[in-house]
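Two complexes come next, and they have one chain in common, subunit A, joined by subunit B in the first and subunit C in the second.
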Partner chain A sequence: MDMVATQWHEFPAIEVRGRIDSSTASDLQERLCALVRGGQAGLIVDLSQVAYLSSAGFRALLVAAKAGEDGGCHLALCGLNGEVRRLFTIGGFDEVFLIQSSREDCALQLRARLAAAPPQ
Partner chain B sequence: MKKPENLLYGVNEIPPHSVTLLNAAQHVGVIAINLVYPLLIFRLAGVSTDAVIALLALGMAILGLATFLQSAPRGPVGSGYLCPSTFTATYMAPSLLAVKMGGLPLVFGMTMFAGLIESLLARALHRLRAFVPVELSGLVILLIGMTAALVGVRTLLGGSTQAPSGAEWTVAVLTLGVTIFLNIWGRGFARMLCALIGMAVGYIASAGFGLFPPADLDRLAEAPWIALPTLMHVSWSFDASLATAFAVAALAAAMKAVGTLTICQRTNDAAWVRPDSASNSKGVIADGLGSILSGLLGGVGINTGTPSVGLAAATGVASRRVGYAVGAVFLALALTPKVAAVLALMPRPVMGAALVFAACFILINGLQVITSRLLDSRRTLTIGLGLIAGVTVEVIPTIAAGSPAWFKPLIGSSLVFGTLAALALNLLFRIGVRQTVEMSLRADAHDAPKVEEFLRRNGARWGARPDIVNRAVFGAGQLIEAVIEHGHATGDLELQARFDEFDFDLRLSYQGSALEMPERRPSTQEIRDTDAGSMRLAGFLLRRNADRVRVEHQGPRVSIWFHFDH
Partner chain C sequence: MTVHSAKITIINRLPEIRCVADMVDAFCARHAVPQRLVHEMQVVLDEVLSNVIRHAFTDDAEHEIRVALELSGGDLLAVVEDDGIAFDPTRARVDKLTAERARRGEGGLGITFVRALCDRISYRREATGNSLCVAKRIQSAGSPAERTSSLNMSDVRHGETSVLSVSGRLDTANAHAMKTRLEELIGAGARQLAVDLSLVTYISSAGFWALLFAANLAERAGGGLVVCGLRDDLAQLVERAGLAQILRVAASREAALHALHASPKD
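And now, the complex of A and B:
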């Protein structure tokens, strides 16, 4: 699994590539937690290049989302394709995370959330 | 059955009369285009215009009666869905052979035979799946499309002796152009009835260019508004040498009927999981009886109309009552020779353009069905060589000339020869394909990509659906990961995969304890904060991923079995 950090407008974005399973999920969790605790108001996670996602990957995303929630940083996911989207649906995670089709839509949603509830 | 949100009137619901009649009229418009198939065969037979008018009137009666049969909700015949019958390109290839060999009586007699074969196949179709896999059905559709396209182009070009005039080219381009324009940029009714409107424009242009022979216009003027259809032009004959050609077309018609009826079921049921084989079987019997009736009354083979089913889904009106109305409208039209006369005069470029337009959709549908499965080299060669066999017959028609008399009907049609070649190759290439495969894994060295490669390679060899293979890849990967990660397994793990067209089964056995697979997902807090929550999430995902799950204990070994409906 590889992670490429970029910036999308005012928000940091991270593109995850490859397999997210028990051998790689802890790296993802660490990296995401570090980013959401970095004082940002939002983080975009692009999963369009993810080929496989197991329960360990979902746990990493949940831990990062909670860390962000505690630190005032919203997590937004995008690029869920085919098999990954199906797993979010059968796991009932499509209602747990903020999921958008593109990075642009993620940025719009994050701005809307920040406007509704600005950071203290 | 759970009614989908976008469906206004389900199969058992009764819409107001106005909605019923308006929808029935649209279906009749969509189906009427396919009267071009019997018209083409009647013209090739060289019968008089009067006979063509009489036979087309009977053709409309056939469509009415067959649609009633298909709509029947009870008894051993009829799917009970709104699935009107239509004349079809499926029987065009063998009908072209029959009309050359024995004229219309042979076409009618062999159509009855094909209908009988289709009815008999209805119950066996489910069992034939291993011998007629989905990609082979796709090849049959592709070859049907190719036949329709070539007949369309030949009709347009007038064969080798009669080159089209400038006026005919103009009419063809106008007919096809209007049809395509409305299909791509049109909306509502204009789009749904694009082919019918294109043909109407072609008729008007033909009249403007004076393409209708005066004698034919006299016949149109003389044709009565109301008269009973006559059977005086109908007789039957049978030729055993054409039996295989018509049986192949009957098999193709049965497969297409199953596909169309499955769309009906999905349109009516938001909770649809798999085809209703009882309804499909009764629908195929009705389809076969429809062709028997067609041969008996002087028509070519009929089949369930896919565009009509698409129309029902698009309008949200799938009520059976619309089917009855479609049947009644066609029976009424059968009593109106004036309408049959208008159809009988169809100019050659209009007919050619309509066939070419329809062929595009058949061809692409065939390609989509072929590529819906994973194809390894065996299946690629089966489809590739079958297609080459079919194309060869069309490109080098003299190939049939030197063959023995009994072989000529088999090699005389691209559909028949291509399908038979692919069926034979499919049987041959089954040699050496094991339906059950196994691999061993070490608990301390789990190689996930290797497991994925193993399942994808065998999935392609079996011609399994890509979505099912994806589910199997996730199931195997997640299960192995979970039992190793959470310390359930010690020693070697054995992974077994089995496939038989209907089922894709995975079984993982190992020494240790079973993984819990709960019905409900653990809470997000439980997943985040405890290893047990994460483990239970793995079990929950695995249960939801498969259609059925079973856990077996044999001494110290545990076997976890996943079943996927295929």
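And now, the complex of A and C:
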């Protein structure tokens, strides 16, 4: 698994590539948690280059989403391909995360959320 | 029938899972297994192996875990063997999944993935440890989640007595898988067989035929086969169809074992 940090408009974005399994999930969790605690109002996680996630990967995303929630940073996911999306559905995570098709849509949604509930 | 296989032995440390994932990728690439199936098998093996590594061993010592992959009869099979404490994923209870529980690593998300992504799972507790076989059908349309006919089997063996637990639907395709498993058990020396069907929701004629075939095989080998745990509707079906005359049925697993060891049916 590799992670490439970039920027999408005003939001930090991270592209994850490869396998997210129990041997790589802790790296992902560490990286995402550091980013959501970086004082930004949103973080875009692009999963389009992810081959698959096991439960360890979902746990990492859930931990990061909670850390973000606690610190006022929303997590937005995009680029779920067919296989990855199916795993989200099996796990019942379709509704748990903010999921959009593209980074652009993530940015729009994050802005809308910020407008509705501006950070204190 | 051509059988291709690959094997690896790892120790009980999480980073070792990467070696298995590499082997699966290489093996599947060599045999042109569809990418979607490869990814699903990777998820299944990650769940199974991380569970074994985290929970199967009560000491801190190094333990070997053997993983074998096999391509046979249109199935991609993986067999995972460890010498840890008994754990049967086909019988483990899965609580209602919530994001909160999943985040804390509770609630059986891993087992949910294993069950949803496999076409067949069978577990065997042996004297030396656990043996879990997970299978994915390659030559089939649609994903396992879209099919309703999944079947899980697990067996526990004590000497010449085996208890096979079956869950799911015993339709034509699954009846064949169960028949094969029963033949294997008898071939491996099992003589007294209890078949626990308490988690079976449907039995087709092929399912009954498979049971009768195996019962006959066991009897010819000097043993017997008793079916137990039938749901009320299935028990009535057995009664009405007159199958109770030719198939030995017991209410519970205990009653089945008792019947098997009391006296063979004459």
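We take it that the second predicted complex is superposed on the first by the 120 of 120 C-alpha atoms of A that agree within 3 Å, B and C clash if a C-alpha of one lies under 4 Å from a C-alpha of the other, contacts with A are read in each partner's own complex, and residues count from 1 in each chain.
One rule holds in what follows: a residue touches a chain if its C-beta (ideal position, glycine included) is under 8 Å from a C-beta of that chain, and two chains touch if they have at least 3 such contacts.
Just so we're clear, the structure is a prediction, and the values are computed from it rather than from any experiment.
S.K.: Overlaying the two complexes on subunit A, which is it for subunit B and subunit C: clash or fit?
M.R.: The answer is clash.
S.K.: Check the residue A:R59 against both partner chains and state whether it touches subunit B (first), subunit C (second), both, or neither.
M.R.: Once the two structures are laid over each other on A, A:R59 reaches both partners.
S.K.: Touching A:D105, do we find subunit B (first), subunit C (second), both, or neither?
M.R.: A:D105 contacts neither subunit B nor subunit C.
S.K.: State whether A:D27 touches subunit B only (first), subunit C only (second), both chains, or neither.
M.R.: A:D27: touches no partner chain.
S.K.: Just to be sure I read the superposition right, which of the two partners does A:D94 touch: subunit B = first, subunit C = second, or both, or neither?
M.R.: In the superposed model, A:D94 contacts neither subunit B nor subunit C.
S.K.: Among 95-103, 203-211 or 221-229, indicate the stretch of subunit C whose C-alpha atoms run into subunit B.
M.R.: For subunit C, the listed stretch overlapping subunit B after superposition is 95-103.
S.K.: Check subunit A for residues that touch subunit B in one structure and subunit C in the other, and list them.
M.R.: On subunit A, the residues that contact subunit B in one structure and subunit C in the other are 19, 21-22, 52, 54-56, 58-59, 62-63, 66, 82-83, 86-87, 90-92, 96.
S.K.: Residue numbers of subunit A touching subunit B in their complex, please.
M.R.: The contact residues of subunit A facing subunit B are 19, 21-22, 52, 54-56, 58-59, 62-63, 66, 82-83, 86-87, 90-92, 96.
S.K.: Across the complex, what residues on subunit C touch subunit A?
M.R.: 14-18, 21, 35-36, 39-40, 42-43, 46-47, 49-50, 97, 99, 102-103, 105, 109-110, 112-113, 116-117, 143, 145
S.K.: Contact residues on subunit A for subunit C in the complex?
M.R.: Against subunit C, subunit A makes touches at 19, 21-23, 51-56, 58-59, 62-63, 66, 82-83, 86-87, 90-93, 96.
S.K.: Looking at the complex, which residues from subunit B come into contact with subunit A?
M.R.: So the residues of subunit B in touch with subunit A come to 448-449, 452, 470, 473-474, 477-478, 481-482, 484-485, 521, 524, 527-528, 534-535, 537-538, 540-541, 544-545.
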